[in-house]
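In the two assemblies presented below, chain A is common to both, partnered first by chain B and then by chain C.
Entry: the complex of A and B
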């Protein structure tokens, strides 16, 4: 691949490993800061809250065996790291004998699908709006309308979600407010099901898109204004290049680069915010599952989900980092 | 030339001075309106206890399901009770007075945001300065750590922490939030320090023998102020967003009502579908005011820091 140097690749991959390792370590440390043996403490808390754990003796035995809880902390840590990265995170406390990984892998596709679509749409729309806001050639009526698209920028996505449900589902009765699909359609690759899934995804996706769009637009506007002030813009105009060519090849092409970097940083917070959006819409993804895990005091599932979220975000950032040199040749040129 | 004219006409001189002062980039409509909005929200801290008894924010302190005072057409089948001026914003299904909940919850939310962001900003600025000045491996370690922390979804880890630390107090909540609030200011300040270091006036100060301390605080700090202020408002918003997120999921402080906890209660009791908009509405209105205020301040401060953004506005 053009522009990918070995050093860059190594550095980015190092960051990827570091992110996952740090995340895992934090998840390992937190429960151990609480006093006592983690498993019995977990079960104790579960029972004190009125939960009933079936086969709890068996659960504890299997647990101790897998984590080596009778052994010193550093061995526990190594075992934990090994088990986690081999996707063997043990059993769910609330749905024993189902394993954490099975439960999560069932809900993961829903989240990834909706999240990727919503993030891409908000990125494209937001940058388009921002670029047009800053561009001198934008027709006046369009320019005066653009700021209205930023109304929802500062509101958390899940709050907008509540308002969207209220307006579109309860008042206007236009779109479904909960779930990923209707019970009456049969899941599978048939058009009826896909259409149904899409209808259910509109409101949650809209909540994320409307909120996220604005920050991209504001960032893009700033970059575009800076690009517009550069000498090469004057030169391009003097050469008689068309307005469209200057906008795309000279303006947007340069202004979009920091935005892609910002996307890498934002993915983590987008994913975090999405957890709550899912819960509001009872969307059958990982966020709703996390909420149920909290309600059931299912700490193993909870930690598993958090691990998956960290890995998912790290992978997204890695992919972004690896494509970055392709759109910005300077990244690799600097090294030579 | 202007000095002579000014001498001859003192009122005109005063006018020019006033104009010059009003021309200051800090007099920015967005910044000021955002600040005013937040001040209005913050007055709940002072006037809240005068308007309503905070005890009414506790479970069972009031009759349940009272509608707000201006509602005349309500569904009695749902168990809603007629409006009552003692509970102007109505009450929810556990017998909390909504006005009290909002007036007690809002200052708490603001406090967590301020505590978390202040500590995050102080630590983040210090690290940003150190990274920018020291360079070398120190810089590599700090910026790598900041990048990694930015990648890890803070909310996800906060959820794990909050699920173990039951009964969190407001201050502890703010401290935990600070763990995830420092990387953003670190990055911003480091980048600014690196670019300022190459400026003529800093090199001149160094050549004339100014100490590193003087360069940091006397030469650089005034130039960094708008950036610091912008990352502060942005960080407050991030911290409040994370706090509300954790609370909406049903974690965090549970003894005293917070805005996020109220939204969580409303969701759990299906308030949206039962038509009890006065349950989830008031906390959301308060939060929207807070977020809009912070947002206006952030973009106002961005314009203070970056004169180019100002020019376009006046075009």
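Entry: the complex of A and C
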């Protein structure tokens, strides 16, 4: 690859580590600035369930000791850094016997499966719609219908989610509206389970796709119009190239470049971006988990999830940076 | 070498250049009748419809392009020379449209009537383009050879193998003096002059009958201008391709053109052999235009004011140049002078020469 040297890789990897470290430090500080503390929150929940809790002061002290919350902040910080990078983030404060890594492992695949796929679908569809909207060779009927595919863009994803549930689950009774799969099927790599999971994923995925598609389409439409005004498009026409080749190799190929940059960021920020969608559909993903962690002041779980989000974004950006010269020859990794 | 450079730098030194180019140039046949017409433009009109009235960008223009000649099309910015060229290439961007006339290729095909696949087939194979802004005329994400290769691939049947295409491209590079390593480069890795030569190589890839060169040397420095100009002459002389050269660099035109056509406000006002246009222009506009060319040796005042003096939507009755013409007569206000042959090979649209016919 053009200009990819060991020195560059090392530098870029250094940036990657620095990004993650800064992110980790921020997520260590922020929850501790918030009002309330996790042990009293836990106690409050216990009290609301079981009435009076005896020896509550002692309980709090034991908990604090157990989770290291009685230590000075810098000790907590060093422990936190060490535990995080060794993937041993300890127990969740709110779901005590479960560990943070357990909880994340249980929910992360669902989110990746649903949202990464939905984001990719919205990217492909949105860009196709946008490119065709801007292309002069698009047949007139298609062109007049395309804008209708974008009417849902202005609705927030969760509102659209409610609408979809009402139409497809409650009224038409076609698709399930909650959870990741039915209790009656046994999880595993069997066709019945996979089909069941897919059926559950349709509505939340649709909500994400319909909402996200619009911004891809509008961005692509603008880029495509810009590309169409370039001299090389006139040349392509003068050369008597087929409409298809001009559309793909001259139009889309140039217009898509900034969209790919945006895709990297969009994939990275998936988990945080669709918390409410996951909530609406009671989806067992990391968004719901994050929502609960915030509600419960669950520092450890919160840190764990946000850590994964930060790593996700950093990896996405790293991959994007390293592969960008492949899609745009003008970008070189070499410093001139 | 120094002489070469001096010529390039002294493009405005017309007296010096005239002798030089006349000697270099192959002789133009005296009557022009025995020459094969590659492209015949007949009564071509191009309009841009607006809500109130149409803007007539090209008005009833007729001229021939002969085989193996380089016809220079000159005029001020906005006079319709590029619009004429784009109409010939059928590349007018909407709302611009051909309102009438014919563009007859090789005495057979009327380009105005072609659509879809037929038009696509004629493009590049018969009429190619050397663009104005070579800087942006190459696709930035495709290698040079892919961009020449796809033009070849789109038109040559049976399809050529990759190796044959590569050989063809390298031959083209040789013709325009590009190093073979250019083959694998991306446009951003080329200098402005190299890009323009890639465009010239691309234009002659299919050995077309006509190449339209739209100000191919604008934005290049004078030395590169000379090299590109030499390339144009080379391909004309070696391949016998006809070139329609659009531009307003009179020095360059003097170097290259066999004949020159002068446009004003969408109308053709004069067509004559290049030397005649430069030494004995008949139309008052051509005279002023030639006089406006700056020279290195003397400073002289500009006699022609810039821009058009009438609204293009509502051209005045009579001669299009009447409001700026120093020799305007009463008849010019009423009757539009047709383009007529006043001397052998010399056509002019001006009432001053009515008596000559």
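The rule is simple: the second predicted complex is superposed on the first by the 256 of 336 C-alpha atoms of A that agree within 3 Å, B and C clash if a C-alpha of one lies under 4 Å from a C-alpha of the other, contacts with A are read in each partner's own complex, and residues count from 1 in each chain.
Note that contacts are C-beta pairs under 8 Å (C-beta built on N, C-alpha and C of every residue); 3 or more make two chains touch, one makes a residue touch a chain.
On a predicted model such as this, the values are computed, not experimentally measured, just so you know.
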Which of chain B and chain C A:329 touches, first, second, both or neither: second
Touched partner set for A:314, first chain B, second chain C, both or neither: first
Partner, of chain C and chain B, that touches more residues belonging to chain A: B
Contacts of A:236 with chain B and chain C, given as first, second, both or neither: second
Contacts of A:250 with chain B and chain C, given as first, second, both or neither: second
Partner chain in contact with A:22 - chain B first, chain C second, else both or neither: first
First, second, both or neither for A:115, with chain B first and chain C second: neither
Common interface residues of chain A - those touching chain B in one complex and chain C in the other: none
Residue numbers on chain C that touch chain A, as the complex places them: 89, 91, 119-125, 128-129, 131-133, 135-142, 150-151, 154-155, 186, 188, 202
Contacting residues of chain A [partner chain B, same complex]: 15, 18-19, 22-23, 26-27, 30-31, 33-34, 134, 153-156, 158-159, 162-163, 165-166, 170, 218, 221-222, 225-226, 229, 264-265, 267-269, 271-273, 275-276, 279-280, 290-291, 294-295, 297, 299, 302-303, 305-306, 309-310, 313-314, 317
Partner chain A, residues of chain B touching it in the complex: 144, 147-157, 159-161, 163-164, 237-238, 241-242, 244-245, 248-251, 263, 267, 272-273, 275, 277, 280, 284, 287-288, 291-292, 294-295, 299, 302, 306, 308-309, 311-312
Complex contacts: residues of chain A adjacent to chain C: 230-232, 234-242, 245, 249-250, 253-254, 257, 327-330
